[in-house]
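What follows is a set of structures to go through.
Consider the two complexes below, in which subunit A is the common component and subunit B and subunit C are the respective partners.
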Partner chain A sequence: MENSECLSNKKEDNLNNIKVNSHKLAKINKLRNQYRFKNMLFIIGVVLVTLIVIICVGAPLISPNDPLKVDLGKAFLNSTNKYPLGTDQMGRCILSRILYGGRTSIFIALLSLSLTVTIGTFIGILSAVSPKIVDSFFMGICEITLAFPGILLAIVIVGFLGPSIVNVMVAISFVSWAKYARVSRNLVLSIRESGFIKAAKVCGTSNLNIIRYHIIPNIFSTILTIMVTDIGSTILRLATLSFIGLGAQHPTPEWGVMINEAREYIDYAPNMIVYPIIMIFLTVASFNLIGDSLRDRYDGDTY
Partner chain B sequence: MIKFFIKKLRYMILILIGVSILTFSLGRLAPGDPVQSILADIDKPLTEEVIDDAREKMSLNKSIPQQYFIWLSGILKGDFGTCIKSGQKVTYEISRRIGPTIELTLASTIIMLLISFPLGILSAVFKDRIPDRIIKFLNTVNISFPTFCVGIILILVLGVRMKLFPVMGREGLKSLVLPSLTLGISMSGGLIRLIRNELLKNMEKDYVQTAVVLGAKKTSVVINNVILNSMTAIVTNVGLYIGALLGGSTIIENLFGWPGLGNFMIQSIYNRDYAVIQAYAIFMAVIYVVINMLVDMICYNLNPKMKGDPYGK
Partner chain C sequence: MAILEVRNLNIDYISVKGVDYSISDINFKLEESKAIGIIGESGCGKSTIAKCILNILPQNVYTQGEVLLDGVNILNISEKEMENIRGSQISMIFQEPMQALNPIRRIKNQFYDLLYTYKKINGKVKTHNLIVSRLEDVNLKDIDKILNSYPFELSGGMAQRVMIAMALIKNPRVLIADEPTSSIDAINRKEILNEIKNLKDLSVVIISHNLSEVYDMCDEILVMKDGVVVEQGYTKDIFQNPNHEYTKLLLQNEGISKKSYEKRVSC
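The block that comes next holds the complex of A and B.
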């Protein structure tokens, strides 16, 4: 009698275990599905970015026509075999201009982003290792720059320096270094107290070498992640500044410039304006997809 | 409270001084000789004497710090110099364009709030379910569109195809619709995300669970309690957005030919009118300071915790 009771109790226990397990299993399944979904978005982003970069870098090989060749007799053509997306007001091939434009946009964005990251990380590390007065001075400047509307500040700076693509790059770096400075400063402060830095110090490594061989490799991956999440918005800013005529100048094929030129003919030839917009959107969206999933991995769910 | 604001005010004055130094030095660093550009319109032949005279008048032959103080005292009196193109005082030109910019700011802020509050709350309440997914997707699309592309799409669809609203200039209430809709839509992208994340952060707290256990509906708890608790962060960000808009949403004003500050600024950049650019930079800094103070004041009243801790940190 006792035995059988014991047995039935065990059975119930087993049943309960199974129930708990199935509950856990459902949860794991849900998490796995979410993970798969996010991973899929990431892969879509990577594939799209790779495609866009390939067609833009290979623009001289792929593009059907010379993006700068003016032929007024062929203005405002619809799509034909020779001009797959039609021509603009000066008879230039829109497809070729878009391909070459992507080259300019992505190249300039990466260049200006590298400049930003270099300046920001440099100031961040400098301010982390400096005495407190210097540190709070730099961080004060950081706070102000972060709070100012970036694009307006960039416009003011370009206003002083004069419109050109180099000045736009300078202006964009000038307004967006603060984020990197703050992040790298905090990172440096957090790893400065760890054992291996102390060990290096005890061994007599100079401060410069500690920064070079211990601190920079340690903060590099985080900074790189933030940099990837920022590619999309940098392309956006550059296109915006070019659109109001402050960035790339007239004959250069660039998406912002193309949209700016096309807006005069918006009711007459909407295809001139639609294709560059689609390209900007696709590029920025796919960079954002990659950036968002990277951020999810490092920061948790902040989409 | 007064102590808190005096401390803040000191900080703000430091910012203004910093911005004025920066603006002044950028103005000096700018390419081109200011004397040449001002004398270019005058018919007199450009002899040494005339140039020297102008230098004397503009006090360019003094040392740089002296020049800075002369310039600063002019600004404190409200004298930003003259606009090259129209020959009017810069202050007059700016004051003429502030009205349309404020109009646009108000309209687009209202639209932005109307879009982002309901969607943000919906997205937070239905986290990881269908409404949240849809809103997330739309939001990602929205964020990947530059503001001017949103504007152009609206122009194409509502202006050119359906001919509902005028697409250029500022005539009547109808012409306000497209620019403010553009700004409202594209600025709501960041705000929806912010509201959702802030709400989610606060929804994990114990009082929400208690209320739900006691039988309150989750939605009503969110609307009645959680929002108030997340208001500080939201108000700060909305304040920043409004500041950016008051500075003249340059791109959209340019796109729609809106006669506001931003458009004026771009025209001045094309004309290399450094006096206007300087005035605009100072103006932006002042707006930033004022908005920041206002935001602090609102947050101070919203969040009793800040009264004990003057920096809110």
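The block that comes next holds the complex of A and C.
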């Protein structure tokens, strides 16, 4: 009985049963506060991302108006009951366009990022387990890709392929797979030398199963962390390309496109440009908050 | 006929500078259900021989000679054929049991990964029974709990026993134990050595830097120094009449005299 009580106390506060002097206590409290702060940032990030995803996925249910309906008689309205954030130069509801635009932005960003990660990790693992000549070939291509500034290369690629949302996806994947390939190759090379891989090998696990059951699960957390950190920058890249007219095309609601259109009326109707920028800021910031906290956790950072 | 025979084995670690380290002229024969001990100081090439037999040496190593398994040289066969030999013919346990288990997978899953093909043919229940029976063979208790735990939840002795069970799960005929007890306390060390000793129909190669460990386990002993075998022969002969200075020194340092050996063997 006594024992269980002691245990339950320990669960609540593990300092109760240990004598600590004030020095130690101050240090422990500092660590705890840091931990709480980081935890709070993580929770804020998760809550914001959840909210944004919910409103974007539920856009057809929530949005007050049709995002594509043009009504020139209602252009440049300030916020009213029917148009909570006002209307743009063609009389379209800004709120509805933002909600639908979020769908495009986040969905395309996630899609292109998963494409990037899959290709990058696959090439990385492949070059780590292949003979040296294949390895140098892939790493050479990686270095060439990394030598160019990402956004410039993406602009060139979309320029060749023609502006469209699918081509932007391809371009973004093409410029950012190299990072994942290098990271996963290095991770595989270091894990391959560890004891459990050798042990699994001599106990008779085939090479394919070693990759499937031992290598991939072990690099997964690191790759996932980098991926979450990269969601924000991918959304930004997508918006950038749309802003300069290479991504989503004119009537499609997309945040980058909206900013591009609102740019001309920035003096006359600032609400048109402010709301998409706020949305991009919030989305990128909240994804980065999650990514940073995940990195802190998985990199073994002591709080 | 000997199960495993090593003939004129030379192993060279090569680099741009030339040959960094070489192990030369290793010869031994391992008969059925017998044990051979390889003894020597750290870095004298004991583990390299074991890795060479299983063909898991790094690429900067040049090997010469023959490793015969049932009369077939396994040094030059393809990786695919070697995969079939590892585990089911020759298996190995390492010195650090904690590092030899994947830290992020449950013990149960690591066994299943190993028995991938077996599980496909025989089904889950039969596989589970096989795993449980192997773990019972190495005197583990509370098997369900062990199967559901992660490696860090096990003690060193438990992890080494799990490793032995893993190495033996495919019924190999030869077990290479590379310093199996170097990271384990004295009591567990004795028990684990006894468990290896009591495994039936298994030929064992024990690698150790500790003479007293192989004392009463091995039928034959190779004493190595700086990549060369300095003395080789039956355990009894070596303990009673050590010829080489290094062997004498080893015996002296471990406090093993002729008298104590005779006493130990007689009881």
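Everything that follows uses one rule, which is that the second predicted complex is superposed on the first by the 266 of 303 C-alpha atoms of A that agree within 3 Å, B and C clash if a C-alpha of one lies under 4 Å from a C-alpha of the other, contacts with A are read in each partner's own complex, and residues count from 1 in each chain.
We adopt the following convention: a residue touches a chain if its C-beta (ideal position, glycine included) is under 8 Å from a C-beta of that chain, and two chains touch if they have at least 3 such contacts.
The shown structure was predicted, so the numbers you read here are calculated from the model rather than taken from an experiment.
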item: Touched partner set for A:Val156, first subunit B, second subunit C, both or neither; value: first
item: Partner chain in contact with A:His214 - subunit B first, subunit C second, else both or neither; value: second
item: Touching partner for A:Ile280 - first (subunit B), second (subunit C), both, neither; value: first
item: A:Val202 touches, of subunit B and subunit C: first, second, both or neither?; value: second
item: Touching partner for A:Ile244 - first (subunit B), second (subunit C), both, neither; value: first
item: First, second, both or neither for A:Ser194, with subunit B first and subunit C second; value: second
item: In the superposition, subunit B vs subunit C on subunit A residues touched; value: B
item: Subunit B residues within the subunit A interface of the complex; value: 15, 18, 26-27, 29-31, 128, 136, 140-141, 143-149, 152-153, 155-156, 160, 193, 197, 240, 243-244, 247-248, 250-251, 254-255, 265-266, 268-270, 272, 274, 277, 280-281, 284, 288, 292
item: Residue numbers on subunit A that touch subunit C, as the complex places them; value: 194-196, 198-207, 209, 213-214, 217-218
item: Subunit A-touching residues of subunit C, taken from the complex the two chains share; value: 54, 56, 79, 83, 86-88, 90-94, 96, 99-105, 109-110, 113-114, 116, 163, 166-167, 169-170
item: Subunit A to subunit B touching residues, read off their complex; value: 34, 141, 144, 147-149, 151-153, 155-163, 232, 236, 239-240, 243-246, 259, 263, 266-267, 270, 273-274, 277, 280-281, 284-285, 288-289, 292, 302-303
